[in-house]
Amino acid sequence: MSEIFSVTVLVGILASAIRLATPYLYAAIGESFAQTSGVVNLGVEGIMLVGAFAGFYVALFTGNLWLGLLAAVIAGILMGLLMSFISVTLRAEQGISGIGLFMFGLGLSSLLFKTTIGTVKTIVGFPPLKIPVLGDIPIPLAWWLLDKTTLGLKTKAVGQNPAAADSLGVSVLRNRYFNVCLGAALAGVAGASLSLSLVNLFQENLTAGMGFIAVALVYFGGWRPLGILAGALLFSTVNAIQLWVQVLGIGIPADIAVMLPYLLTIVALAVTANRARQPAALNKPFERGEN
Amino acid sequence: MSVASADTLPRSRRLSIDWVNAAFRIGLLLLSLLFAFLIGAVVLLLLGANPLVAYSTMFTGVFGSVYGVTQSLVKATPLLLVGLGICIAFRASVINIGAEGQLILGALMATWFSLQFRTWPSWLLIPTTIILGFLAGAAWGFIPGILKARLEVNEILTTVMMNAIALQLMNLLLSGPLIDPAGITAGTYLAQSERLPEAVWLPRLVPQTLLHSGAIIAVLLAIAVYIFLWRTTIGYRIRAVGLNPDASRYAGIKVPFYQALSLTLAGGFAGLAGVVEVIGVQHRLLEGITSGYGFSGIVTALFGGLHPLGVIPASWLFGSLLVGADKMQRAVQVPSALVDMLSGLIVLFVIGSQWIANRWSKRRMAAAAGAKR
Amino acid sequence: AQPAAPAAGGAAGKPLRVAVVMPSATTDMAFSQSMFEALKGVQKELGGEKAMELKYSENMFKVPDAAAALRDYASQGFDIVIGHGSQYGSSIQEIAKDFPKTTFAWGTDVNTFGLPNVYAYTAAAEEGGYVNGVLAGKLSKAKKIGVTGPVEVGDAKTYIDGFVQGVESVDKNIKVSKTWTGSFSDVALMTEAAKTHIASGADTLTGSSQSVVGSIGAAKDKGNVLWFGTQADQASLGQNFVVASQVYDWNGILKEMIENRKKGKLGGEKFVLQLKNGGLKISYNPGYKLPDDVKKAGDAAIEGIKSGSIKVNP
Amino acid sequence: MPSTPPSTIQRRITSVEMCDIVKRFPGVLANDRVCFDVRAGEVHALLGENGAGKSTLMRQLYGMYQPDAGEILIDGQRVEFHSPADAIRSGIGMIHQHFMLVPTLTVAENIALGLPSSRGPVLDLDKVSARVQELSAAYRLKVESDAYVWQLSVGEQQRVEILKALYRGASFIILDEPTAVLTPQEVDDLFATLKHMVSEGHGLVFISHKLNEVMAISDRVTVLRDGCMAGTIPGREATRDILVSMMVGREVKPLAPQPLQAGAARLKIEGLRAQGDRGTEALRGVDIEVHAGEIVGLAGVSGNGQRELAQCLAGLRKVTTGTITIDGKDLTHTELKAHIEAGLAYVPEERMRDGAIRDFSVEENVFLHDHAAPAYTHAGIFLDFRKMAAHATDLVKQFSVKTPSLDTPIKNLSGGNIQKLILARELSRKPKILIAAQPTRGVDIGASEYIHQRLLEQRATGTAILLISEDLDEIRSLSDRIAVIYEGHIIGIVQRGEATVEEIGLMMAGVSATHG
């Protein structure tokens, strides 16, 4: 048991946690933008898959990782446009649009993978910690965007009281399009962080549910970048610890160890009692004169 | 606006159907399906398959045989059950993403219990198993419910996490306590339980098909949920809480209690879906038992307008779509991913078209208002 | 259902019609892919599409859908219908009764339900696991070996149990630690599990399921870590560090079924892929220079298992 | 008047005309060929009963809705506004009936929302605050620009709304019922500001249900009735009777309350203390008694503890110390349910938020409390629709609630009718004690009169009524005794007719009265 407190292990846990957190972090920060503007996008998983595939495909055939990353961003934005069109322009129920988007993304990425690459191939990806992780990444940027810019102000207003924003001439539609697409672009990056850095390959359903966890982490983080960072790190640190617990053979059944990150995330939220209120207009399509 | 005359305040609870509106809506629905299928046709052509063959087998696959029809009902059953739970939760303004996990719990309970009490006669074993499965799912829904009620922990977070926990719980039980002893003897260690005693199998409705009496139970429950939500005091409170928690609180309704209750009930219905999958279709617990019904059930509920009676046709439609799409895949041998993609597109287009329909009927009413003066 | 029009008549009259239903994708680098490729191989041997029609349904992890597919193929008049997933057993048992003239095969399991038209097949994954274990035990300098798997069931379990026995036969002091990720598809977590083993000092890894491609990637990143594969030949994923793979070769049993059917025997038999009957093969990676003495130990283990002098418990 | 401030007008408009405007909503013709015009330097009042179409007309001028027919001319030029952005650009501002503020943002952020920043994409809130300070000094609109909007009283929120329009350089400003939520003092302040704006060349549209205000400030008055024009008259010709007959088409009699026949004390509040939402102490020792058959008016500037007091009485807020007794029964620490059972009824201040469920039908809203009562259920489980419908029809008839049907969602009713229905619901429960908070806020004159009548009738049956209102006229005409609340305690209680408006106004500002 004491083995777990050795330096190797602690360093290992830290490195693992940061690696594991990366996709969650990008996806959840992206989702928090969409949600701050009032749109729940449950399709993050689908966007991540399409992003992961697009990034991998381009990187594989051009040999250029940066082009791959760009492709992932573009693919993400295209998916974001689809989501915005359905849920913002056509004001469809957001939960269902998101699940539709997830199914579409899952199908599209698998279909393209089958018809273009066809089998598991690997590439040499970004070194895991070189892909901008903690320093020059989304957290400070997201914080700055939300709290220091006119765009962030509009976004918060549109998510809290779209009628008020609208009455001041802010285009609710445009703002939501922008934030959903920004979120989707980040989900694309999250997908690419898997296929271009962490696992360096693409496979059907590569994300295996990460997109949904990312959405949950937004609630954990109370729509604040730092809260999301805390949530993603907590989740992935516990995950890293449970892997070490298994490797070191500390007698906990594997299935229980695997449950721990999920369990502790719930417990942490219950205990720390983060009572952040969700954006008041979350999941409410806006129509002038209706609200 | 006219003042209603004193003793004849009109009541429209009597069913009055606006046929033009209905026709427009159905037309729009078909149009959006057509649109999705057109995109599918392009993809099929790109894959070198004949879209006409594909779609005609899709259609005949569902409607051309008893087997196709029953198969879509088999798929509709768990969708309907999950959808009913989702209806209750959404009516209380609670978002339940946790049907997958709740379904697993129902299935686990049904498996454990019916194996444990395999000697019981059918008339006793089946109802007890169903009730216990419901309770197990309900317990899984109760946890996020009580966390929301007592500690204001967001239910989306908890239900997503509880899905993962339920899955691991099933893994744990299937690799140990519930594993099929035959698999151990044979050295295969398959992730499945022993076959359940025949006493617990739900009777089949049509021989040589998988259609089982769970389908009837589900439809009856849909009617019961409708009555529950619109005709009982508890249902009234659930809807009040969902529409305006503040006013409900001012009226003395315990808002957290009803939110927790609705999540618990939602869990129970998802648990039932797990039960019928186990005792109606599989006759044993297998990994992958949820078949993603926990998610497609949400879509089904929303397609059904979050109305228990609406979910009946919605689940049948959705079930047919899934069966037809598989059939198509077999006929033209395209990757199954195409089916996922197509279903996603259909969901997106159908849900997107609803707003157009709503706006159209509003315009029509407004125009009618103008004509009245 | 309408029976599909039979393919244009070949030289030998009607072609043999075979359909397979698989739980994962035909490109999973593991269980489904091994069967699909074997079927295509047999098709080629028999003379291409004119001699054998092959239809497949993949990603059928939902059992009711698989059941529908199996029944559909049977009612379309396919000669051999394969349910390539242990979860399809109940469905096969029911459907086979309704189509007594059709040959059904399913696996991995050993139960034919006493039906004359059902074959069952399984793989003694522990045998190849043992051989891989012997090789790994000899090659691990750090005397630390890491195993990554999805869930401790099925051939993921039996392979790894065999592997551990193989390692122990070489040196009881070698530490084999196992991690289970709880998911067949979570590549990222599998990768991280492998990285954790490496960080804890392991220099040799193995694992099972379609998500081990992540573990292989982790080994590749590290550079001096060895990998042992199972189910399919994974040499293509690592030219210089994949030592050997246990390969499931369904070819033999498929051909045997076809032969039997020609002779009028529709089923009622179980097949086990073993080293002895050639169903399991240890495929050494030519790109990895295996020291002679190690190879000898491996071959000795193979021979021992074949002859029965080495007993591996699943 | 302060020294002439720099004019805020960016684009001068001399006239705005709306011609033959038609606007339809599902089931409603909200504006039927309405003509309306405003000139620079005048206050044009818009009057009409609830649902007459005032807000709808103005929202079209502000680009929120597009007219179905008719046109809008600015300085004689035809314009088409597709969104408020277009209207703002043309120099039109609007202060909405329901405030359009984002509670989670600060005052400065609310004001800066949607405006370009001097620093490009980056906010420059300091500059905004500075300019807000200038404006608030010039127009005597005191606000703190760093405060969050949720921390502000309604009066302060109103000032933020006006500042928002001024900050944008609006030349024409529409004020949709700006005084509904203000105290007399605040109304005076607002009028001073408005007069100053007019003198600067602003054109103002003023909507109100309070006729004396309309007569006090308007240069012209236009009256709408049921979506149609009832006419436009010069402000100086407007009298109460003329306006009322234009609006309602009948006479509305002032009230004549019967003398008091008060019985025993029904509601006793002693030394009540409670926390407010922001964690500060909102009630600091409140003592009031309300007797059977008596109306006690609780006057006070909003934010002095009225809301918290009402919530404590209703059992919706925790009491720190002190006692609440109803008919001798201690209900200090019991839950809402016990209060309801003890015979307490409550008309909440925020009727749409706390008093009704927008998407429930009229009938369903009637049964918010009593849906489980044996009289309306089978076995206490199943709702008995026949009895429910009978009761709801009864109430709708008795209180002349205008509704197309019992199944109409309540959100489709006008504010006055919603309020009548809520009052009907509460009174039908035969309460021993009624707490009515702002019962006629935003309600038109006809409906107000009706509601007042009902309250007096209820009093005559022996109910103890605590009337919480910021409308001093209402308080003075209905109450047997008037209690004034200031900073969480009762600063004085006076008998009807014992104190002038000015004296009560002083007490509301915290100056203790000599009366007892």
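The letters A, B, C and D name the chains in turn, as written, and every chain counts its residues from 1.
The rule is simple: contacts are C-beta pairs under 8 Å (C-beta built on N, C-alpha and C of every residue); 3 or more make two chains touch, one makes a residue touch a chain.
Quantities reported herein were computed from a predicted structural model and do not represent experimental measurements.
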Between A-D and A-B, more contacting C-beta pairs sit at A-B
Subunit A to subunit D, mean C-alpha position gap in Å, rounds to 44
Expressed in whole Å, how far the mean CA point of subunit A lies from that of subunit B is 27
Dist(centroid_CA(subunit B), centroid_CA(subunit C)) in Å evaluates to 35
Taking each chain's centre as the mean of its CA atoms, subunit C sits from subunit D at a distance in Å of 75
Residues of subunit A that touch two or more other chains sit at 110, 113-114, 204, 209, 255, 258-259
Contacts with two or more other chains occur in subunit B at residues 168, 171, 175, 335, 337
So the touching chain pairs work out to A-B, A-C, A-D, B-C, B-D
Within the complex, subunit A is touched by subunit C residues 25, 27-29, 33, 59, 146, 151-152, 177-183, 185-189, 191-193, 195-197, 199-200, 210-211, 213-214, 216-217, 220-221, 237
In their shared complex, subunit D is touched by residues of subunit B numbered 1-4, 6-7, 9-13, 227, 231-234, 236-237, 239-240, 243-244, 246-253, 362, 365-370, 372-373
Per the touch rule, the subunit D residues reaching subunit A in their complex are 59, 62, 64-65, 83-86, 88-89, 94, 96, 100-105, 109-110, 112-117, 121-123, 164, 168
Listed in rising order, the residues of subunit D that touch subunit B in the complex are 22, 24-29, 32, 51, 68, 314, 316, 336-337, 340, 346, 348, 350, 353-360, 364, 367-369, 371-372, 377, 380-383, 385, 389, 392-393, 396-397, 400, 402-407, 414
Contacts from subunit A onto subunit B in the complex sit at residues 42, 46, 82, 85-86, 90-93, 95-97, 99-111, 113-115, 204, 209, 212-213, 215-217, 219-220, 253, 255-256, 258-259, 262-263, 265-266, 269-270, 273, 275, 278, 285
